[in-house]
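First up is the structure itself, then whatever we jot down about it.
Chain naming follows the written order as A, B and C, and within any one chain the residues start at number 1.
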Amino acid sequence: MMTEVLRRTWAMTWKDVTVELRARERVTAMLFFAALVLFIFNFALGPDRDRLAEVAPGLLWLAFLFTGMLGLGRSFQAERENECFEELLLTPGDRESIYFGKLAGNVLFMCMAEAMILPLFGILYNLDIWRHIPALALIAFLGTVGFSTIGTLLAAMTAHLRAREVMLPLLLLPLTVPVVLGSVRATDAILGGGGLADVSHWVKLLVGFDVVFLVVCPLAFEFVLEE
Amino acid sequence: MGGAGAPLPAVSAPVVEVAGLTKVFGRTLALDGVDLSVARGEVVALLGPNGAGKTTLLKLLATALKPTAGGGTVLGEDLLNGRDAIRRRIGMISHNHHLYEELTAGENLHFAAVMHGLRASGARIQKALDEVGLGEQGNGKVRTFSTGMKRRLVIGKMLLFDPDLLFLDEPHNTLDQAAITLLNGYVAAVRARGGAAIVATHNLSRAYDMADRFILMHDGAVTYRTEKSGLLAERLRELYTRHAENGEDGLDASREPRAASHEARGASREASR
Amino acid sequence: MDHPFRLGRALGALAGLVLFVGVYLGLVLVPPDAVQGQVQRIMYLHVPSIVTAYLAFTVTCVASVLYLWKRDLTYDAVAVSSAEIGVVLTGVTLATGCIWGKATWGVWWTWDARLTLTAILFTIYVGYLMLRAFAEEPQAAARYGAVLAILGFLDIPMNHMAVQWWRTLHQPSSILRPGGPSMDPAMLGTLVVNLAGLVLLYTYLLLKRIRLERARHRTVALRLQRGRRG
């Protein structure tokens, strides 16, 4: 039984990644959007180097989040376009594996985008990020997972809704405040030269958030999918 | 035969036995207290115009929707509590293809098989593709396929699933003759092996060719039932106009199918004099 | 579950009475704060509002869980009714908080922990109501809403931790302190009376709103009944 769950989860992730890599819509859009965001922030905030350095962690995460939401909004795109939602409803077996498969795909795409945004960010804002890569990567991963757990569930929920482009951010952002705050504060401390030990409470919050919603969201997914 | 290996119900047990099925969407009553019984080896056609509730009924039986009221059994499993077991043993061919355009034919089949809980080796998939005449197109992206080819691929998917009960929702739309022949052949094969099929359509001539029994629907309710034996195609058309399009309730007359078809035979003989 | 009319009336009368006493106490009888002056009286509305709002959202979460389990639309009626009142109460908290802030600190808004948290809470449950409004049909609205209400409720403690670690400008809690309340007993008493009054008012409004919702369910069912054949 467990192997079937794993196989289905893997198949779902594989399908999402393959479809995306071939259509190349999502990741391209996410990357261009992120680059645009980073540029515009620069124009909006002015040339003062120090001021930019101060707000840099926040800017980085704004870029991550906007990009992430773009990706999440499209995570059920393939199902919508190919009218495969009905197929998901008819699929036998547990719903959790469908959720985890989708989640893994979303986390993967968001991490891919982040991996490309981070160096760009370092260059554009003249910040030395290379020393801190391991710690930054951990924070980014924990934050991405937390954001994507609720995000995947809400993406499924809003897929059928009127005004879905508005509803997804409206519902997602207030719920993910702990993730945003935790990630930005931790990133700020790390870029400022601190270590993970200094931000252990934030890390614990991120881990706690991830754990809670990794348990609750797959269970709730069933209620979202049914008709 | 037997989907995921589960045994078929006993010979006399019906494949579908539901009563009082009702579905409400917000303020719309899509289905109003429908009773249905389908036996092994039967092909039943649901006939009616758009909005009659045919698709809703199919989806309810396929567990894609939950009934607002009513219940029963499908393949011996309870419609409300045995949904997972039912899903393993049914197949749905609808006018939406449920295929991912960016994947190849082979990949679509493999994905569908794994999600269905089956182990599909490359050989089995190739065999399914061969049987529907897509043996050479296994590596072609579905995006490049014609509608007929896509429908063949769906039939190939059914071959992998090997369902005991087949649902077809307007399956003949936009199909070329070769694909129609393939589809009819597949349905006949399912029937021959002791399975059953339920077809929803408004295409009377196709339904007449395929089905053993006809259930006419209007506005969410069943208005007439009749069997094919002794029924002429023109008579079916007449009944359709009266009961499906105009909504005349003929249920009392059709409650005893044997007597009704006998009468129908007599009446049509009268009419043709 | 249909409460007799008399009970509703009695409850409403009681709520009115207690609130009247509370308001009288708060606005007239109890002396104002030594430091903040008359403005401090707004606390007698501000604090009970948010406490009752939390109560309302707890009820929504419990009712949502029950709905998903039992699928009885009455639970859904409770959930949405409680959420609506909760949103109003949270709005009142925000408004009174802003007014209090303007009078005390000179600004309409500060990003202090409590105010920020209240704003987030407000957004979450306004989102809940919007989600329900945009859902295609009542069953979907109920299901999606229930899931969101549960997510929101689980989120609240983590929001608290996050925002509190991030900021604190608010006076440290004078009631929930280990040594016991440090507030003047008269003020504390007034606060409690107002809280009781507001909770009674909430209950009264909740029952009324649930009745309205269930009447709506019945109307829809009747309309369907009439549309049926024979």
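Note that in this section a contact is a pair of C-beta atoms (placed from the backbone, for glycine too) under 8 Å apart; a residue touches a chain by one contact, two chains touch by 3 or more.
Everything numeric in this text was worked out from a predicted model, so none of it was measured.
*Asks:* Spelling it out: a chain qualifies if it touches chain A and also touches chain C; which chains qualify?
*Replies:* B
*Asks:* Between A-B and B-C, which chain pair shares more contacting C-beta pairs?
*Replies:* A-B
*Asks:* Farthest from chain C in C-alpha centre terms, which chain would that be?
*Replies:* Max centre-to-centre separation from chain C belongs to B.
*Asks:* Compute per-chain Cα centres, compare each with the mean of all protein Cα atoms, and return the closest chain.
*Replies:* A
*Asks:* Distance-wise, how many Å sit between the C-alpha centres of chain A and chain C, to the nearest whole number?
*Replies:* Here the centre of chain C sits 32 Å away from the centre of chain A.
*Asks:* Between chain A and chain B, what's the gap in Å when you average each chain's C-alpha atoms?
*Replies:* 41
*Asks:* Whole-Å distance, chain B centre to chain C centre, using C-alpha means?
*Replies:* 51
*Asks:* Mind pulling the residue numbers of chain C that touch at least two other chains?
*Replies:* 136
*Asks:* Counting only residues that touch at least two other chains, what does the list for chain A look like?
*Replies:* 226-227
*Asks:* Spell out the part of chain A that touches chain B in their complex, as residue ranges.
*Replies:* Contacts found on chain A: 4, 7-8, 11-12, 14-15, 18-19, 22-23, 78, 81-84, 86-87, 89-93, 226-227.
*Asks:* Any idea which chain B residues touch chain C in the complex?
*Replies:* Chain B residues touching chain C: 24-27, 29, 32, 219, 221, 249.
*Asks:* Using the touch rule from the top, collect the residues of chain C that touch chain B in their complex.
*Replies:* Per the stated touch rule, the residues are 136-138, 220, 223-224, 227-229.
*Asks:* Taking the complex as given, what residues does chain A use to touch chain C?
*Replies:* Listed in rising order, the residues are 150, 153, 157, 160-163, 167, 170-171, 173-175, 177-178, 181-182, 185, 201-202, 205, 208-209, 212-213, 216-217, 220, 223-224, 226-227.
*Asks:* Looking at the complex, which residues from chain B come into contact with chain A?
*Replies:* Contacts found on chain B: 4, 59, 62-66, 84-85, 87-88, 90, 92, 94, 96-103, 107, 111-112, 114-117, 141.
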